[in-house]
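Per-chain residue numbering starts at 1, and chain names A, B, C, D, E and F are given in the order in which the chains are listed.
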Amino acid sequence: MTMARLTEYEDMNPRAKAVVETIARGRNVDPGRINNVWKALARHPAVMERFADQMRVVMAPGKLDALTKELIYLAVSVANQCEYCIASHGAMARNKGMTEEMHEEFLAVVLAAQQGNKIAVAYRVPVDDAFEEK
Amino acid sequence: MTMARLTEYEDMNPRAKAVVETIARGRNVDPGRINNVWKALARHPAVMERFADQMRVVMAPGKLDALTKELIYLAVSVANQCEYCIASHGAMARNKGMTEEMHEEFLAVVLAAQQGNKIAVAYRVPVDDAFEEK
Amino acid sequence: MTMARLTEYEDMNPRAKAVVETIARGRNVDPGRINNVWKALARHPAVMERFADQMRVVMAPGKLDALTKELIYLAVSVANQCEYCIASHGAMARNKGMTEEMHEEFLAVVLAAQQGNKIAVAYRVPVDDAFEEK
Amino acid sequence: MTMARLTEYEDMNPRAKAVVETIARGRNVDPGRINNVWKALARHPAVMERFADQMRVVMAPGKLDALTKELIYLAVSVANQCEYCIASHGAMARNKGMTEEMHEEFLAVVLAAQQGNKIAVAYRVPVDDAFEEK
Amino acid sequence: MTMARLTEYEDMNPRAKAVVETIARGRNVDPGRINNVWKALARHPAVMERFADQMRVVMAPGKLDALTKELIYLAVSVANQCEYCIASHGAMARNKGMTEEMHEEFLAVVLAAQQGNKIAVAYRVPVDDAFEEK
Amino acid sequence: MTMARLTEYEDMNPRAKAVVETIARGRNVDPGRINNVWKALARHPAVMERFADQMRVVMAPGKLDALTKELIYLAVSVANQCEYCIASHGAMARNKGMTEEMHEEFLAVVLAAQQGNKIAVAYRVPVDDAFEEK
């Protein structure tokens, strides 16, 4: 039903092509098989370059490992109700080791947080002094 | 400014007292020093019991460790903009080992996800076949 | 902490005064004791008039009674996390007959809906044919 | 377009089957005709059992009748923009007596609340003392 | 997949027909070619009349020109993740002069705002005195 | 009530100081009078540098002028209900020429969009072919 204006790799402008090539090289795939989000972003190279750069830096394993980062990304995507991101980062989380049991625990925490968030707001609960950073 | 109707432990009804005692025992603290969210929930024991039970089961370490669960909870809370939950689960994440460097990486992923979510929606990007579970 | 620019009744422009007088008459209170939301809106009379008119028509009892309408308004306000609206329409719901037991049941439904919403999205559940209107 | 991994009743694990049978019995329908949300949840029996249990308890008529509870659930679902929940709980509300006129009044209140919520936030309106519970 | 109950112009009730005729005249199009949102609203004439009236008044050029108003409407729609509104008001913005370069700058600002919003909330940043209106 | 951990300019690490100096130079103010959001971000220099860089590039006048960009940013902030951002970008919009009349028209469009978004979702309106980009 969705009719995003997607640009295939061979039809992209040089700046978009360069972004795709860097991503494809990093994932060891063919640039022609890049995901749809990049085909959609190709019409706006400045936005595309900035987002690609940010994703590359931010999602790289550091003090948090790659799977934990995917779960954080996925948690935000479920809270924000972004279907594309739930599908894409769900797939990436599975690629990085999320088992079915971990998926279930992940969702159970997300659902508890949804309720906790609304409880705090509905009752207008003031922040405890004990939670403040000293 | 916030004026939630908070009930102190000694003034709670028996069902609310029982919930608080279980939580306090689990954390090895005095029931009189329970967090505000429970003092707010005490007026509604059925909601309180259900939420306390769900939190106890869901947040216990399993296939995901306790810190990862806190980070997932915190990610949902930032996405939903719940100040109480950001303060309380931020404190719990620090208690469970979140360092300053991990906190920074956590926030960097949350911010990237915020943008990724809106990009997918603004461009109406269709889900790639490759992301579907077989 | 909040420092909205509030205009007291006696300092309002004539259009804002007229709106306040209609509301005050309907509630049988003094115009000088109007709620803060109207003191904030007074600087923008066109927005104020339209919202006051809409509220008057929409919240009047019809096929749904006044309390049910308040509960619907309150449900949206909790979902959207609007503290002012939770406080004000919570008070109005109590004025219109919401008991403590009803308040608890109300919140229990809101929390279930929060979870149901996220479950449907997280699992990308397709709408059943049986739900469609014929 | 949506490709949720749905599990039909006959292929479910025993815990999921038990949940479906309880729901089907309560609604007097065949377990094979259960709604999609349960077919999606079947892969995660712990989440499924907890949500089914919560829904059963929470949505049962109490101090609030069954239709009022559906309208509260539907209001949250519209505010959160969950298409599945709007379709499913819209159908349930009609089953429980929501007429076309009630539907229109319901939506009129939801739209007024959406505006009221944003007005309170945009003008940063402080909560009136009169709204606080004593 | 979506199966809204749409009413074609020739099947609408008189109040809905009148709304459509006013819109069609204003846009110089045939009433039979009105957009889907009006075909959906036709079942609820009171909601339809109020929204049509509000849109006509609010979107007319004033101190802000027509394109700026479309960009504001579109920004809210992206933040709220409303696909229909992104598609419809994206088309209207292009009709009113939004070029591809302006579209890219628009999206860049929206993405920056998304991050700025979450930064302010995640760090619980207090409002500077300098921002308050005197 | 909010107790963000703010770092004053003189106590910042060198990377944070450099960010603040660039911003202060651009606005021709003393680095010691930088806004709170930067004092909060100073503990996380990588996030701070990326956001400061993005804001500088994105908010600069281009095909859209500086005030239009502020209104887009403000629209997202109202939709997302970020009090800090509403206060700060409201002040910046006034600095860049937003008059009281423009502010009223801005809010009127935001409120109409809020309703339009929920109407499209509540009625599950399918996107018109005419809105698709060719």
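We take it that a residue touches a chain if its C-beta (ideal position, glycine included) is under 8 Å from a C-beta of that chain, and two chains touch if they have at least 3 such contacts.
A quick note: this is a predicted structure, and the numbers were derived from the prediction, not measured.
*Asks:* Please state, in steps, how far subunit E lies from subunit A along the shortest route of touching chains.
*Replies:* Shortest path length, in steps: 1.
*Asks:* Tell me, please, which chain's centre (mean of its C-alpha atoms) is farthest from the centre of subunit A?
*Replies:* Farthest chain from subunit A, going by C-alpha centroids: C.
*Asks:* Farthest from subunit E by Cα centre, which chain is it? Let me know.
*Replies:* Chain centre farthest from subunit E's centre: B.
*Asks:* Could you tell me which of B-F, A-E or E-F has an interface matching C-D, in the sense that over half of the contact pairs are shared by residue number?
*Replies:* Checking each pair in B-F, A-E or E-F, only one repeats C-D, namely E-F.
*Asks:* Interface overlap for subunit D and subunit F, more than half of numbers shared or less than half: same or different?
*Replies:* Shared-number fraction above one half, so same.
*Asks:* I'd like the Å distance between the centres of subunit A and subunit B, where a centre is the mean of that chain's Cα atoms.
*Replies:* 21
*Asks:* Would you kindly tell me how far, in whole Å, the mean C-alpha position of subunit D lies from that of subunit A?
*Replies:* Between these chains, centre-to-centre, one finds 27 Å.
*Asks:* So the centre of each chain is just the mean of its C-alpha atoms; given that, what is the distance between subunit B and subunit E in Å?
*Replies:* 35
*Asks:* Could you list which residues of subunit A touch at least two other chains?
*Replies:* 1-3, 5, 47, 50-51, 54, 57, 78-83, 87, 107-108, 110-111, 114-115, 117, 119, 121, 124, 126-127, 132-133
*Asks:* Note which residues of subunit F are touching subunit E in the complex, please.
*Replies:* 2-6, 35-37, 40-41, 47, 51, 54-55, 57-59, 62-64, 68-69, 71-73, 75-80, 82-85, 87-91, 94, 99, 101-102, 105-106, 108-117, 119-121, 123-128, 130-133
*Asks:* Quick check on the complex: what are the subunit B residues that touch subunit C?
*Replies:* 1-2, 43-44, 46-47, 50-51, 80-82
*Asks:* What residues of subunit A sit close enough to touch subunit C in their complex?
*Replies:* Checking each residue of subunit A against subunit C gives 78-79, 81, 83, 86-87, 107, 110-111, 114-115, 117-119, 121-122, 124.
*Asks:* What residues on subunit D touch subunit E, complex-wise?
*Replies:* These residues of subunit D touch subunit E: 1-2, 81, 83, 100, 103-104, 107-108, 111.
*Asks:* Spell out the residues on subunit D that touch subunit B in their complex, using ranges where they run on.
*Replies:* Where subunit D meets subunit B, its residues are 1, 3, 5, 50, 54, 57, 126-127, 132-133.
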